[in-house]
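Each of the two complexes below includes subunit A, the first together with subunit B, the second together with subunit C.
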Partner chain A sequence: MKALTSRLVQAVVVAVLIGTATFVMMRSLPGDAAWRIAAGRYGYDNVDAAAAEAVRSELGLDGPALPALLQWLGDLLTLDFGTSLVSGQPVMHEIAHQLGASAALAGIALLLSVLIGPPLGILAGLRPGGVLDRCLLVVSTGLKAVPQFLLALILIVLLAVQLRLLPAAGHGEARHFILPSLTLALGLAAVNARIARDAMARIADMPFWRFAEWKGLSRREVLMRHGLRNVSVPLLTYLGLQFVTLVEGVVVIEAIFGWPGIGHALVHAIFSRDVPMVQGTALVLGLGFVLVNTCIDLIVRRIDPRGETEARA
Partner chain B sequence: MKHLPLTAALLGAAPFAPLPALAQDDTLNVAAQYEIKGPEASTSGFVFTRMGLTETLVNADPDGRLTPGLATDWSSSEDGLNWTFTLREDVTFHDGTAMDAAAVVNALEIARAKPGPLNGLPITGITAAEGAVEITLSEPMAALPAYLAEFRAQILAPASYAEDGSGVAIIGTGPYMVTSMDAPLSLDATAFDAYWGTAAHIPNVAYSGVSRVETRALMAESGDADFVFGLDPASVARLGMVDGVEVLSTAIPRTLLIKVNAGHPFLSDPRARRALSQAIDREGIAKAVLRYPEGADQLFPPSLAGWHDDAAAPLTYDVDAARATLADLGWTPGPDGILTRDGERFALTLTTYPDRPELPLVASVLEQQFRVLGVDVTINSTNSSAIPAGHQDGSLDLALIARNFSLIPDPIGTVRSDYVGNGDWGAMNWNNEAFATLVAHIARDGGAPADKAKAAAILQDELPVIPIAWYRQTLAVSNAVEGAIIDPFERSFGLQDLRWAE
Partner chain C sequence: MSFLTATDITVRDGAQTLLEPLSLTVTPGEPLIILGETGSGKSLMAQAIMGTLPAGLRAQGEVRIGAHTLSASEPRRFRGLWGREISVLPQEPWLSLDPLMRAGTQVTEAHRLVRGLSAADAKARASSDLGQLGLTAAARHYPHQLSGGMAQRVAIAAARAGGAGIVIADEPTKGLDAARRDDVADLLLSEMGDNGGLLVITHDLALARRMGGQMIVLRQGKVVETGATETVMSAAREAYTRALLAADPESWTRRAPSRRDGPPVVDVHGLSVARGGRELFSGVGFDVAAGGVFGITGPSGCGKSTLGDAVLGLVAPAAGTVTRRADIGPHGFQKLYQDPVAAFPRKRRLGETLNDVARMTGESARVAPLLEQLGLSPTLLERRPGAVSGGELQRLSILRALLRRPALIFADEPTSRLDPITQARVIGMLGEIAMTEGTAILLVSHDAALVRNTADAVLPLGKTVLPEPQPDAASVATAPH
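Here is the complex of A and B:
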């Protein structure tokens, strides 16, 4: 309960800090916002002084900064994120739409990475220095070293263009998920396989492990009873941290695969100075980070209750 | 081997289930770079007209001649101040309401109140008449029908707009009607049964906005999209070797050019601008960067009949002559090879924008070619709005831009807004009375080809902008589809004329 309250306070602090920081950063960018917004709305063929002037008078951009910020924070209390300066739609509406697409992609990527990485890591950790361990080291280092946009293009060329198994890009059907989520998942799996491998190797080297083997449990039983739970603690903590990598990856991957998500929206909003959109998306991502870490904390406490009992004692 | 069951259990979870091959369906998938900002004609109207969802009163054929659209014909009074556009009969919007004079007046009035070409016309009133719309002007304007062919003048049903005139839905008259729109990246449409013209052959079309050109090319190659618009030179070369895809290419009235601040002390003399022009190896840029057969030797491409003059003296590449001209103007090479005059280095900033991927590439080639001449150019690749903004505050030196002369099918629209007065994307601090008089005459009465050639010759001689290349538009079409053409005026994808191949 105490943990939840402190996380809630943390969420509020994050919201105010992110809102203020994005506001200050967007305001202090060089260049006239009215022009940038006009370019975002009308495109390079049609942005001119008349369009910029129309934007300026419509949005009242010349007003002082502080009241605008206070207004935004005040609106936030009523969960009003404002309206996009480019599309004129409520930011809440746009984000709900885009966040859904991104969350689905990120969720599937995370699931795939957990299915690919840790099993291989655990197998490798059971035999440190074995063939699988050495292969995994090479492959995961290689995958981590390849930039995600390159990995995405390699996968498209291989699976969509050469083998024609999957669509190269697009959105709307289940099969469209596979390539972008696989691209993200391989990057994540490259690291969580290493984390799992190191945790497994450490645990397999402990006295309790040797005792379990000595008392006659099969290798499988030792792993199930004494291994997985121990490995999952560092792994889960690390997955929480990987959320950042995931957000970063989503921005790149969405651009390549034409995915209408929040990363794509954020990049466009920054280009066209759509301050409410930038504030809204950054806020949602920040709060998402707090939420994910809260969940991870709670799960880890359940898996490994030692810290809590010690604290109570 | 006793670990085998465990290994299998752990690995079996990996997602390598076989997947069905791509299904062939009855939907034509279109991919292009344009994003849909929302159901708003003033910002995304060009997507709706291209997809055949909405139409304009006037159309243009591939040669730029105006043809009937929702208006069957038009005429002006003797003094050129009163125009009557007769509306096509029995046309209904996608919501079943009639396309009548009141609806057209409503759409045009809303379009005119927003930024755009109609906004700058001397229109004093738009009124509904019996089966027609009347437009009154405060001064004659022969090109008015061409302005009504522009995408922002598209005719939408009254239910498409909110009370304040902002768009809420796309209810047009086109051969296709919207079934779902997911801004910014996708839109689905189906053939409109009650279309007034020839019905579309392909029942369903889907649009995807894919901003990365590499992805679009891969979608064409993998067969995910049947109709892929806007390819880069490298993809064109590769797709040309792929079976199952045909690449089409057409010259379009868009020119790659350098916008010059003619008020800049280094550039105010036309001789200095000519020297810069002579230092550009246009053929090299065209062949190596754009992979076009040739560069531009004058501003207007051959497709703009009248404005393009075959007899004009071509712009040439001659670095020695350029050096001699600059020497005559008092420039001498400094110790670093850069020209100096009265203690000032010949250093300029070239502003461009990455929205069109070829622009920064060409800018870096120009930087090298100008350096050979002794001119130090710094590239600033930034937001496209920096160019009109720099024009307005006078801070711009040079800008590398791609300018479309047929946003309005009659080039007079762009010529008038860009080269007379203070056009944001055209001449900067350059005014030529003879040119302005000619253009005013052409805008008023249409003008003879000789007038247009004379106006073009002034631009060729004075070089308020330095042309580099004429663009080509590219399209990759699946062999499953027949009947694709590229509209050089980029008004329509021509989807209603496509058929599935037998």
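Here is the complex of A and C:
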């Protein structure tokens, strides 16, 4: 309960900080915001000084910054995210529309990474220093060292351009999911495999692992009954933190594969100085991070009751 | 009928023989005690007959367990017998239970998966097992909610649930106080019953005495003496066995009380200390004079180490005062840690570590005479902590503390990781240092006999401790209330 309250406070702090920071950063970007917004509305070719002036006076861009920020924070209290400066649609509506596409991509990427990383990590951790362990170290370090945009380009060149197995970009069909989610998943799996490997190696070295074997349980039973549960605690905690990597990845990957999600929208909103959109998007992502970690806290607490009792004592 | 027979078991590390041919027989209803110091090969022997030797070590010999005959050189084949024929009671029961699984489930799973009972039967058996050990309520608890003694009993129930007739207990009393040690001995004997086999590996003489049965005394991988435990312990034939028995704190001669003069080094009044919201002790008062040895004893968790830390000023008191003599600087109060290996940087040579301290204090000239006084070879300084025995390392940490010319050394369980002969030596040296250097010693130990026979005055802490006779009538110790 106490943890939930502190998470709630955290969510409020995150909201205020993100809102303020994005606002300040958007205001301090070089270039004329009115021109950019007008370009976003009418297209670059149709913008002239008159259109920019019209936008400027309509949105009050010359006005002082502080009232604008306070206005936004005040609206936030009533759950009003404002309207997009470009499309004129409510921000909430736009985000809800794009979030689905992003969540589907992120969800599939996460699922894929959990299917690739932890099983390999656990197998490697059962025999530290073995062939699999050493190979995994090399592969995961290599994958982690490659930036995601590069990995995406490599996969596109290899699978889409050379072998012509998959579409290089697009959205709408199941096969469009494969390349972007695989790119994201490989980056995530590279790290969560290491986490699983280290946790497994540590647990297999603990006296209770030995004791479970001495009780007469088979290797498989020891792993299933005593290994997985213990590995899952550090792994889940880490997956919560990986949400940041995932969001970061989604922004880059959506831009590369033309995926109509929240990351794609964020990049466009920044280009066209659509401040309410940027604020809203960053806010949803930030609060998403708090929400994901709260859920993970609750799950971990259910698996591992130790922390709870200590807090009570 | 004998349960377990091992014939000519040897353990080798490459060309080096760690355990010379050893044969033993465990008969039902009679415990077999393997007694030896650290490094005597007693644990290797147990690992060889369990098939759990660390990689790189090779065992040979024949092991017969029930109807099975196995070769110790094929450790893989032993796995099938674990839990079914032979089981191990681990050294640290708390760490041997899965922290994320309820105690009852850890017993049930062995009944179900090893013995092959149905889920309902296994559950019923587990709760009756735990009930017999007085743990009915503990079945729903997680290991961290159990006391050390409860964890030990859960581990015994779990180890035996698979139906194994033979139990190997490897140092079952490691780190336990006297009262808990006797509980464990009684529990092991009653669990063995008339038909079970029990092999106990220990360096704990009090445990061996209480268990009785047969005994094998090991030293450096060789059998020194065998016979009935009672006979060996009352009339040992070999000089080594006699030395080992004499090292038992119970049979030490009491150290002559030291002269107490001058103002006390520390003066403690009405001291209370709380940890995590729980009061450990309250109203504790005593003083320690220069050259005096003050002992604190009590069961684990009673706060005796915390009391020592409070004396050093490392822990803030909840109430009361600790007055350290004003003319002594903070470095005049030194601490000797329980685990000497952890008290030295692992990757530096011991000489480098000691030289750092000597250079800082300008006492480089004292290193050599102190080495001699503490019976240490100068060649040890070339080594790293891992390559030196625990006893030598603990003496080196005494040396390191002495380089500071301390007014008081707080020795926190300084010998709990050492074997009896080394323990007697190290404690003897602490007494000598109090005498020759005039250093006050604050000795904390769970071993009441050790403290009683070493200290000028003893403060028993904790409720379960029997009142110790105060050896010094003039002692100013006041028991906590």
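One rule holds in what follows: the second predicted complex is superposed on the first by the 305 of 313 C-alpha atoms of A that agree within 3 Å, B and C clash if a C-alpha of one lies under 4 Å from a C-alpha of the other, contacts with A are read in each partner's own complex, and residues count from 1 in each chain.
In the analysis below, a contact is a pair of C-beta atoms (placed from the backbone, for glycine too) under 8 Å apart; a residue touches a chain by one contact, two chains touch by 3 or more.
Predicted model, so just to flag it, every value in this text is computed and none were measured.
Undergrad: Is the arrangement of subunit B and subunit C around the shared subunit A a clash or a fit after superposition?
TA: Fit - subunit B and subunit C, as placed by superposing on subunit A, sit side by side.
Undergrad: Between subunit B and subunit C, whom does A:Arg210 touch in the aligned arrangement: first, second, both, or neither?
TA: Second partner only, subunit C.
Undergrad: A:Glu221 in the overlay: touching subunit B, subunit C, both, or neither? Say first, second, both or neither.
TA: The answer is second: A:Glu221 touches subunit C but not subunit B.
Undergrad: Between the centres of subunit B and subunit C, viewed from subunit A's Cα centre, what angle do you get? Round it to the nearest 10 degrees, please.
TA: For this superposed arrangement the angle is about 160 degrees.
Undergrad: Touching A:Val233, do we find subunit B (first), subunit C (second), both, or neither?
TA: second
Undergrad: For A:Ala39, decide between first (touching subunit B), second (touching subunit C), both and neither.
TA: Touch status of A:Ala39: first partner only.
Undergrad: Have a look at where A:Val139 lands relative to subunit B and subunit C in the superposition and call it first, second, both or neither.
TA: neither
Undergrad: Just checking: does A:Ala168 make contact with subunit B only, subunit C only, both, or neither of them? Give me first, second, both or neither.
TA: The answer is first: A:Ala168 touches subunit B but not subunit C.
Undergrad: Decide which partner touches more residues of subunit A, taking subunit B and subunit C as the two options.
TA: B
Undergrad: Minimum Cα separation, subunit B versus subunit C, post-superposition (Å)?
TA: Here the least C-alpha separation of subunit B and subunit C stands at 12 Å.
Undergrad: List the residues of subunit A that touch subunit B in one complex and subunit C in the other.
TA: 218
Undergrad: Which subunit C residues qualify as touching subunit A in the complex?
TA: Those in contact with subunit A are residues 50, 52, 79, 82-84, 87-88, 90-92, 95-101, 109-110, 113-114, 142, 144-145, 155, 158-159, 161-162, 164, 276-278.
Undergrad: Using the touch rule from the top, collect the residues of subunit A that touch subunit B in their complex.
TA: 31-32, 35-36, 38-39, 41-52, 54, 86-89, 97, 112, 115-116, 119-120, 122-123, 126, 153, 156-157, 160-161, 164-172, 175, 178, 218-220, 223, 255-258, 260, 264-265, 268, 271
Undergrad: Considering the complex alone, what residue numbers of subunit A touch subunit C?
TA: Listed in rising order, the residues are 206-208, 210-218, 221, 225-226, 229-230, 233, 303-306, 309, 313.
Undergrad: Provide the residue numbers of subunit B that touch subunit A in the complex, in ascending order.
TA: On the subunit B side, the touching residues are 2-3, 5-7, 10-11, 13-15, 19, 21-22, 29, 31, 35, 37-38, 40, 42-43, 114-116, 119-120, 166, 182-186, 208-212, 214-216, 218-219, 221-225, 353, 355-356, 382-386, 388-389, 392, 404, 407, 423-425.
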